[in-house]
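Take a look at the structures listed below.
Both of the next two complexes hold subunit A, though its partner changes from subunit B to subunit C.
After this line comes the complex of A and B, so read on.
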């Protein structure tokens, strides 16, 4: 078995240990900015051991990247963040869908050309920016289960992440030497 | 072609998921969901034990029906430094408004503490004095500790401890009919406006 796949599966299992899950979900910033990316990473690693499936259904990675951005969008709804804390089915769905998004990214990113990648990033990065800004500016708490201070930190984190992502993207765009802009993800 | 088909399916699935999470694009937060849920279901107040600021013991449901008034309920704790202050001054204003319009036979204000460990009836009494609450218009009460959970659940109040030893909670006004049904939940600054509606409707 591919070592990356093993690492991905291990990471996914580790994130599911109740103790670790509790810590990560006790704080809104850990939940969104640490647990989410780690599940994505686990899915991404997991997929590395397998060849891209059904390439015909995923021409230029369009379907996969679309699915990944949909999943990311869904998990930015504040109510969803609140609900997974009390609803186990939804919590399971969160792990599955985010891992799937990671896998879709791993399989689709190499297939995607400049335009499809640009479309994906042009969708996800501004979305993170808007949500981050919303979390910072909202006069009330958007998640009943999290403190307003945590919301502020999460918003700042999302904003920072989206800006960093945009800068990386720009960098990759103007540095074509490193193999067609693969640098962001690899 | 296949990719197009798959993409359409993915988008439809995504829209469906977002639509169900947002109750058909009506809301984004669980606070909005809670308000909509209460407005639709109109649950009855649980008949839990409440102690008022002068030490009187009541059963919540029976108490509401015996008073036969509209209740405006908010949730507080007396150690609160931030949001409850806002709620307190909102209620002071509502109290003035109710007295000016002579509505004290039809509307009553009730502040319920979710910190019964600390907020004994004596503490609540002091707090009421401090806020110059008129007992004819504005009561304070705390549930028995064992009943707190069910009370908060019915009203959809989430309380979480913060770093400074206090609590954060979703602050709002809950409108309870004389029958004991929860009618609606509104922002804490919306009292006056709803009082107007109440007067007009009768």
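After this line comes the complex of A and C, so read on.
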């Protein structure tokens, strides 16, 4: 078996150990800014062991990136965060959907050219900024399970992540590349 | 590969002609709105203040959008000679643009939205009976759609530039600074700068527009007003600045064909554009010098960068233009004359901005007509003159033509009217006439009446130039 797949499966299992899950979900910032990216990473690694979907269903990575951005959008909703803490079925769905989003990213990113990637980032990064701002500015606690201070830290973290992501994206424009004619540029 | 070699050199493609034609028509309509506003302030037309502010909003956003579209036409046309651009993205941009315009106009003239083109928070959510939140949402949703189209346009430009040159570092000419070899063409350098700054500006615009749309329907989720103003001006100021940086490509590409000299790229030119790339993103705080809560360092940065932002590229373009013309036996026609005029408009238009960017002056001048004086000089006599020259050049099959008596009459009417029109704004500002007011005090009325006369001259001359150019674009004259 592909070592990356093993690592992905191992990471996913580790994140499901009740003790680790409890720690990560005890704090809103850990939940959104640590557990979510780790599940995405596990999905990305797992994707290596699965056959890629037919390219006609994922032309230039559009379907996969769209699916990933929709899944991410859903899990940024505070109500969804609250529900997974009290409903095991939803918790399972969260793990499955985020892992699937990671897999979709792994399959779609290499297929996507600059335009599709740019459009994906141009959607996800401002969305993270807006959600971060919402968490910071909301006059009430948005999640029953988390404190206002957690909400504030999560919002600030989302803002920081989106700014860092934007800078990285910009930096990539300046990196020397030998991309003429390969699939990176479409 | 020698990047100086053009990869293709066709006449204007269909999308460029459509962009140019739409720009010409909409500019005329927006100029008429401007004339109506000045005549209203001059008590020559019985327009209600509510309608005045709607016209003001439409004039502002319309001019910004159409300067963007006209500049995009210039950039797309000339950049396409060096890199491989795909027309589908220009059409997609146009589709988003037109859909956005429908929403914006609906918000303004059906919904009554009249919060000025800058849609400063929290005004859009507080129509006080003049407009509802759906009208504000239509306006902001429309601007968002225009932004989505423009993002596609610039992503395609970025893709094509990187495919051809390898990275933005190369297309900006940074390797040339070290080695002195293989300088990218001026068009590619300018297009790279515009692409970078506008992708960033559009993302920032998307954030603030989304935040304000949420706030419209969930007012409990407030936005920090100063943060909102910073984001709006970062988006809007960069976007409007970039229009002239796109349009100036017409000077770099067309003028050499009239003088028989090439527009050479030297190291200071590369330095200047790279510096502009940073400064144009950080100069906007000069619009917030009256906001006492703004951090002091941002005020200071706003003043310093106001002094330096326009100068590198402008100074080099100005001196290079003069050098290019000097003893060149330039062939004068409407296109070349408008291009040279545009460099004057750009240069002169920067001066009042630098004055207003001085904190001590800004405290008393910023909310007067001095500021419209600056941007009318800069945009009308600078950016618009470049776009009119480009449209005229397209209609002449991208060749020099004769300079008819009518051409000369329209050129001088445009130049004198536009300059005097902007000058009256500046004089009004000097007399402390406030801006964004439908009704003026009796002692201010004569300024507006005089301005109306020259605005009519601008409308008339532009109309003749645009209509004749459109005729040439739609039905080209076959070569004998």
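We take it that the second predicted complex is superposed on the first by the 174 of 186 C-alpha atoms of A that agree within 3 Å, B and C clash if a C-alpha of one lies under 4 Å from a C-alpha of the other, contacts with A are read in each partner's own complex, and residues count from 1 in each chain.
The working rule: a residue touches a chain if its C-beta (ideal position, glycine included) is under 8 Å from a C-beta of that chain, and two chains touch if they have at least 3 such contacts.
Note that this is a predicted model, so its numbers are computed, not measured.
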Touched partner set for A:82, first subunit B, second subunit C, both or neither: first
First, second, both or neither for A:160, with subunit B first and subunit C second: neither
Partner chain in contact with A:92 - subunit B first, subunit C second, else both or neither: neither
Which of subunit B and subunit C A:130 touches, first, second, both or neither: second
Partner chain(s) touched by A:175 [first = subunit B, second = subunit C, both, neither]: second
Touching partner for A:113 - first (subunit B), second (subunit C), both, neither: second
Common ground on subunit A, meaning residues reached by subunit C in one complex and by subunit B in the other: 140
Sites on subunit B touched by subunit A in the complex: 2-3, 5-7, 10-11, 13-14, 17-18, 21-22, 27-34, 158, 160, 162-163, 168, 170
Residues of subunit C defined as touching subunit A within the complex: 89, 151-152, 155-156, 158-159, 162-164, 166-170, 196, 199-200, 202-203, 206-207, 210-211, 214, 220-224
Touch list for subunit A against partner subunit B, complex: 56-60, 62-63, 66-67, 70-71, 73-74, 77-80, 82-83, 140-149
Contact footprint of subunit C on subunit A as seen in their complex: 113-115, 118-119, 122, 125-127, 129-130, 133-134, 137-140, 166, 170, 173-181, 185-186
